[in-house]
Amino acid sequence: MPLSPHHLPIDPHLLNAEESLFRFSAVRILTEKLVKPLSAEDMVVQSMEEASPTKWHLAHTTWFHETFILKVFDPDYKIFDPDYHFLFNSYYEAEGPRHPRPHRGLLSRPPLSEIMAYRGHVTAAVQELVGKVAGGKHWRTIAGLIELGCHHEEQHQELLLTDIKHVLSCNPLKPAYKSPYPKEVRKAPDMEWVAFAEGLYEIGHAGDGFAFDCEGPRHKTYLNAFSLASRPVTNGDYLAFMVDGGYKNPALWLSDAWAQIQAEERHAPLYWREKDGGWQVFTLFGEQPVNFDEPASHLSYYEADAFATWAGARLPREAELELALAAAGTTGAVNDLGNGRYHPAVAGKATAGNRLQQLFGDVWEWTATAFAPYPRFKPAPGAIGEYNGKFMCNQFVLRGGSCVTPAGHVRPTYRNFFFPHSQWQFTGIRLAKDL
Amino acid sequence: MPLSPHHLPIDPHLLNAEESLFRFSAVRILTEKLVKPLSAEDMVVQSMEEASPTKWHLAHTTWFHETFILKVFDPDYKIFDPDYHFLFNSYYEAEGPRHPRPHRGLLSRPPLSEIMAYRGHVTAAVQELVGKVAGGKHWRTIAGLIELGCHHEEQHQELLLTDIKHVLSCNPLKPAYKSPYPKEVRKAPDMEWVAFAEGLYEIGHAGDGFAFDCEGPRHKTYLNAFSLASRPVTNGDYLAFMVDGGYKNPALWLSDAWAQIQAEERHAPLYWREKDGGWQVFTLFGEQPVNFDEPASHLSYYEADAFATWAGARLPREAELELALAAAGTTGAVNDLGNGRYHPAVAGKATAGNRLQQLFGDVWEWTATAFAPYPRFKPAPGAIGEYNGKFMCNQFVLRGGSCVTPAGHVRPTYRNFFFPHSQWQFTGIRLAKDL
Amino acid sequence: MPLSPHHLPIDPHLLNAEESLFRFSAVRILTEKLVKPLSAEDMVVQSMEEASPTKWHLAHTTWFHETFILKVFDPDYKIFDPDYHFLFNSYYEAEGPRHPRPHRGLLSRPPLSEIMAYRGHVTAAVQELVGKVAGGKHWRTIAGLIELGCHHEEQHQELLLTDIKHVLSCNPLKPAYKSPYPKEVRKAPDMEWVAFAEGLYEIGHAGDGFAFDCEGPRHKTYLNAFSLASRPVTNGDYLAFMVDGGYKNPALWLSDAWAQIQAEERHAPLYWREKDGGWQVFTLFGEQPVNFDEPASHLSYYEADAFATWAGARLPREAELELALAAAGTTGAVNDLGNGRYHPAVAGKATAGNRLQQLFGDVWEWTATAFAPYPRFKPAPGAIGEYNGKFMCNQFVLRGGSCVTPAGHVRPTYRNFFFPHSQWQFTGIRLAKDL
Amino acid sequence: MPLSPHHLPIDPHLLNAEESLFRFSAVRILTEKLVKPLSAEDMVVQSMEEASPTKWHLAHTTWFHETFILKVFDPDYKIFDPDYHFLFNSYYEAEGPRHPRPHRGLLSRPPLSEIMAYRGHVTAAVQELVGKVAGGKHWRTIAGLIELGCHHEEQHQELLLTDIKHVLSCNPLKPAYKSPYPKEVRKAPDMEWVAFAEGLYEIGHAGDGFAFDCEGPRHKTYLNAFSLASRPVTNGDYLAFMVDGGYKNPALWLSDAWAQIQAEERHAPLYWREKDGGWQVFTLFGEQPVNFDEPASHLSYYEADAFATWAGARLPREAELELALAAAGTTGAVNDLGNGRYHPAVAGKATAGNRLQQLFGDVWEWTATAFAPYPRFKPAPGAIGEYNGKFMCNQFVLRGGSCVTPAGHVRPTYRNFFFPHSQWQFTGIRLAKDL
């Protein structure tokens, strides 16, 4: 077992076995709550290679705990089904071959009932293990792995919702995951600009508390003076770009972006559909009229960058957004997964104490920064080291969390990353400017 | 309604309303019986573009009765769900746009329960309609359409089984549709040759009784003297071809065939897998050791043609096989869907009265004849005319039915057709020779 | 050398060495004359996988003589360059691996000058060989191979022109291969119908004279009464189909055809381009206004079939056209390669003695018959046997030759074949009807 | 004309008309010298979408001068051929539609002779224009555009050589662009490490002299202490990685990298071929035995990154390499295009005054930095602004120039960029380490 304790950051209170158990159990329960509105049939479907069936998420998160905790630290653990190691590994090369990602939607078996039994088996086994090993020689490592497994499962909670949203959107019946739709009548406030001074800053995770390996090491970075928009770009802002011929003007687009929107004949965000002269959008509540006061969402990096160019602004750099996030802190109500809204909300008015609305939650904000290792970053050896490091190429960082991001991930140093063409996450735009 | 009575051939006894009702109900019940071993989850999956989800088969066969009978002839018919017209049309351009074929596997909704309710609704409506219209002005046409709808549904019964076999085969768990496996210990008899004389023959459907439009008109065709093998090629025969380097010798293959097996790195029939030095084959009973005495199955036209070349023989022409089928008649036990075996059986010994074993049932036999219209063939106008005519290009005719072909389709004039690369049907080889 | 004399049909007068030499030399010279209007640069380009660069045609035809005659029968033959065996084999698996077809356009080397030297080397060597072996033990076989090589080279003369037409058509400059354009003012005569009686006929090559293996054996075939149109379909006829929405009506198209024209957004024949409200067509004389009285050309089988359906007619069967071709004979002026026009001409009026205009030359006529072996057909063993037999799948027969077909190939039994989507040959339509 | 003078950086001495003319003429002549070893046939071929035919490079560089200088500033300029604007635009959307990039290899016309006449026409016109406008109102802008056009043409000189290398490599004859091969017997020195101190540095172009827009603005960046390898990785070093199973160990590769090498079955650098138990490599001098003391070349970013991981090091950041390049300066002999070697050389021994060998020339060095705009970067409006800005996504920066980079581009601030899978440039590896 190559993981040494210092590779596994952890909130100190989670070294308390009861707290650890409570946290673990709550995460497991929440995942199962999220699938309640779905039928077994819904959970089989894979609508594109990037998205996985719900049933697969249920099993893979369980596989993670089984593989990295139970199989390593519990000599009494009885493997639920030896085939699952092959079926439910996602991308860990160190764990051997696995069922090909594009074929996850072919797995009608094991049936949902067995997957739920698998979940119960592993949940109970971890809970028992904690009872046996808490405070013992490996406890620090095990507690760290439990916490890592919880964060891993939380990431899949978010994907589970964005993936099923995509599945349902492909259905001409446009079925809802949930109802009723949280309709809003508030108007979006005007966009204002908030300035930040030039200087040598530090970013990245340090100190106590959990963070993924890629969030550190904390390090210095120099930033010129800049300003950030007081709120994300709204659907109304984005419509103005569309009406102004945004999708037809190559001067606004990166070369790869223009090639993609030409090839796919894109002329609106994912999930938008023109109908009877107006715009509808597919949501987790079925198809609804577009609310032009809400933050624009499901935009690719390409769209975000083209919009920023059109607006005479730019996308923020990763460090700029972290600076703002760190300054804001996460106090106050955030529209994240815990909120249960599952849809972006209209921004409130900026206040003296809170000049940057919706930094946390609502929509992930694309940064202009390619996902890359921080100075002195070293991935852990073995499978756990594959978690983030091997994706540090061709993807862009997003910050701040969305309306379906678990609360624990809505932290200033959290680095989300997706390919620049990806649209199926709740991804939006906060503009930045040089000063 | 452009269909005139003479376009709809029908067995005279089915003009009797009770017989028609009995036939219709039996077909509907059999379809539902076939899905009994499957879970709702199994029925969602589409494993390749050519194959459809079980649930789609259940719905599309129902759509056929609804669209061509109820909507046309029953002014009181209450449409079950207006969205279904779009969702469950297969390829009838005259019936308007439809859900794209490759996306049938994305439809977790409507759920199975609603599809079964749809089936019940339409079954009952047809049954009621018969009560109202039997013997009336349109009865001849309606009875013909009911019979056409039954034959259509029977075709989908066969596809339902071959499609779910493909779905299950893609699952690393290799689940069985059914059990136990019908193991056999009989040995295959030697292959003998049965001669047919040169002459001007007639083939094609004529007279009373149902047939698809493409089975006629009956017409003259001239055949040279030829002989047919007394039984289909067995797995053992086919293994000899493989062992002799059949898949590595381009001289045996058509040009398009060689390109395909090179590109897909084929070296064995679909569903065969080498394991521990022997061959396993995926069946509707899960993975089993290959029985070398059974008829070889799941072979493409390309494989069938290469095998025949290797064997110093050729594939029969369509007319040659029809001649043999017509001479044999369908008396005697046939291993077709009604038999419930769902797997090819070992051939019996040829007898004086039955020199050609397994002409009917077990495996479809590829002919060397491209599917084309018979002389003076004219498709019906409108959607019904799309049934066969528009596929008369790039496909080859198969004859004689398989172990999952409904009994009613195991008739001498029945023309099945598939693309030469297709492998997922129960398709095999009967050799022919010039005399 | 597995070829026995009877595999190599030959005109008796070509057993005379002088006649053989004259024939061989004339073919070699004509090929070289055809490339005169082209630059070395033109001859390098490959515009699609199906079409080959001019330089490759020059070399491959030479390779054929070298491989099948010189290397086998001339122990003194000095190989021009050992690399050429790999570079210039087309598809003869029996001759070993070869340069991949889609990469023929990457071969800037060997330069044209060396290819011409290769041609000279092989031409001279064959001429010398004839001097040495005429009348000897192998002469019958060698003379047969020379004649086969001549026919092979003639086929490539036609391809050379259709391939360079495609290359030049891809160039926005629309350069001409030749000039001036042979403009015509004649009007096309009305289409009339010529009847043929039902009966048992014989078709296929027999007796003396050269024919490819697939043209035989001569055999009986039964035909119902039918009639053929007196002339091919003109551009004007085809425009009427277009104007009537032909490309937008799925009821007219085969299923595979409809898929193709949808995917490629086809709405006119290959080489047609709308310009300033009229239609231009790319010809070997550059882009010209469409002449609506000329036979329509560069149509796929799919287009030909859809047109025939729209016209309430059908495409002729192969045997029907051979019957007509055989009855007509090839006497009289034919617009073939020898004519030097390189473009279809307007049909003349039907006369009592010649009721079917343009059966030979002008445009190949698609038949409704898939290319398949005639009864008792057996390909020769070895590479020569790959000539036609391995293509007997997925292609359709065309009859009668075109305006770029060498005169020797314009014979009643000649079976040309192409895939149903192919458009780059001079392929047109003669309608047929049942009587 | 939106370009204002300050957008066009220029070496002050090039404001002297004679110097400008001399520079311009020298660049034009060098391009034409580079194609001397090639035939017109060689210059037609396009071997992959990313690479262009030689003839296209000759024409496009000329189009650049014509479009951005002559058409704008010379009212008397007579356009050589109006079709060329469409044919030879590369990617400038602002200049309208253009011939599709993947079809450049279809242009046998215009012939080479006309392209050379086009070159002469434009060269003379620019020379005349200088005579007319030197010192005038627009001279500053025109001189800047001439210099930009020279740099543009120099970039295409490098591409011309790497593209023709790829074309020739695809030919089974493995022809040489040049001979004789510059064989070397020197041994590569051992790899040593050179340390750089932590600090706040400035990078980017500033002050006088030409630079592309993306090289500025000069700005501050903070670097941790690091060290660089004293020489690039050699073929011998790289072979050790291969022998150690480098291509088979997923733990060494980025996720996208592993997917690519699996899909393409990569197991060696581009141009390497195993033969008779040893390794051959295709060079501009034909196929040669690999010299294991030379810098490894034609490696993708993916390969470079995997090698660095295997070696326990990392790739340098862009700023780290610029720091080293700026410290080294370009004094001393550099193996660049001017050197005429056209192949990497074996590194010399590090000396006290020159501890980092081959920073300039030989092979481009991949950095770990995605190509992105420097702080406050703004592209110029209009077509010139498309030069670099629109490519700032999905590509990685390379530094230092190669053995075919024109001398003028071998400067510390020069930012080359390619996609991480690209291999056809002379791209290699210099290792870095954290301190």
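Note that the chains are named A, B, C and D in the order they appear, and that numbering of residues resets to 1 at the start of each chain.
By our rule, a contact is a pair of C-beta atoms (placed from the backbone, for glycine too) under 8 Å apart; a residue touches a chain by one contact, two chains touch by 3 or more.
All values derive from a computational prediction rather than experimental measurement.
Seen from the Cα centre of chain B, the chain whose own Cα centre is farthest off is D. Here the CA centre of chain A is 38 Å from the CA centre of chain D.
Between chain A and chain B the centroid-to-centroid distance comes to 47 Å (mean Cα coordinates, whole Å). A straight line joining the Cα centres of chain B and chain D is 60 Å long.
Among the residues of chain A, none is in touch with two or more other chains. Applying the touch definition to all chain combinations yields A-B, A-D, B-C, C-D.
Touching chain D in their complex are the following residues of chain A: 91, 93-94, 200, 219-222, 224, 250-251, 253-258, 301-302, 305, 368-370, 372-373, 375-376, 385-386, 390-394, 420, 434.
Those residues of chain B lying in contact with chain A across their complex are 39-45, 47, 83, 86-87, 99, 103, 105-112, 167-168, 170-173, 175.
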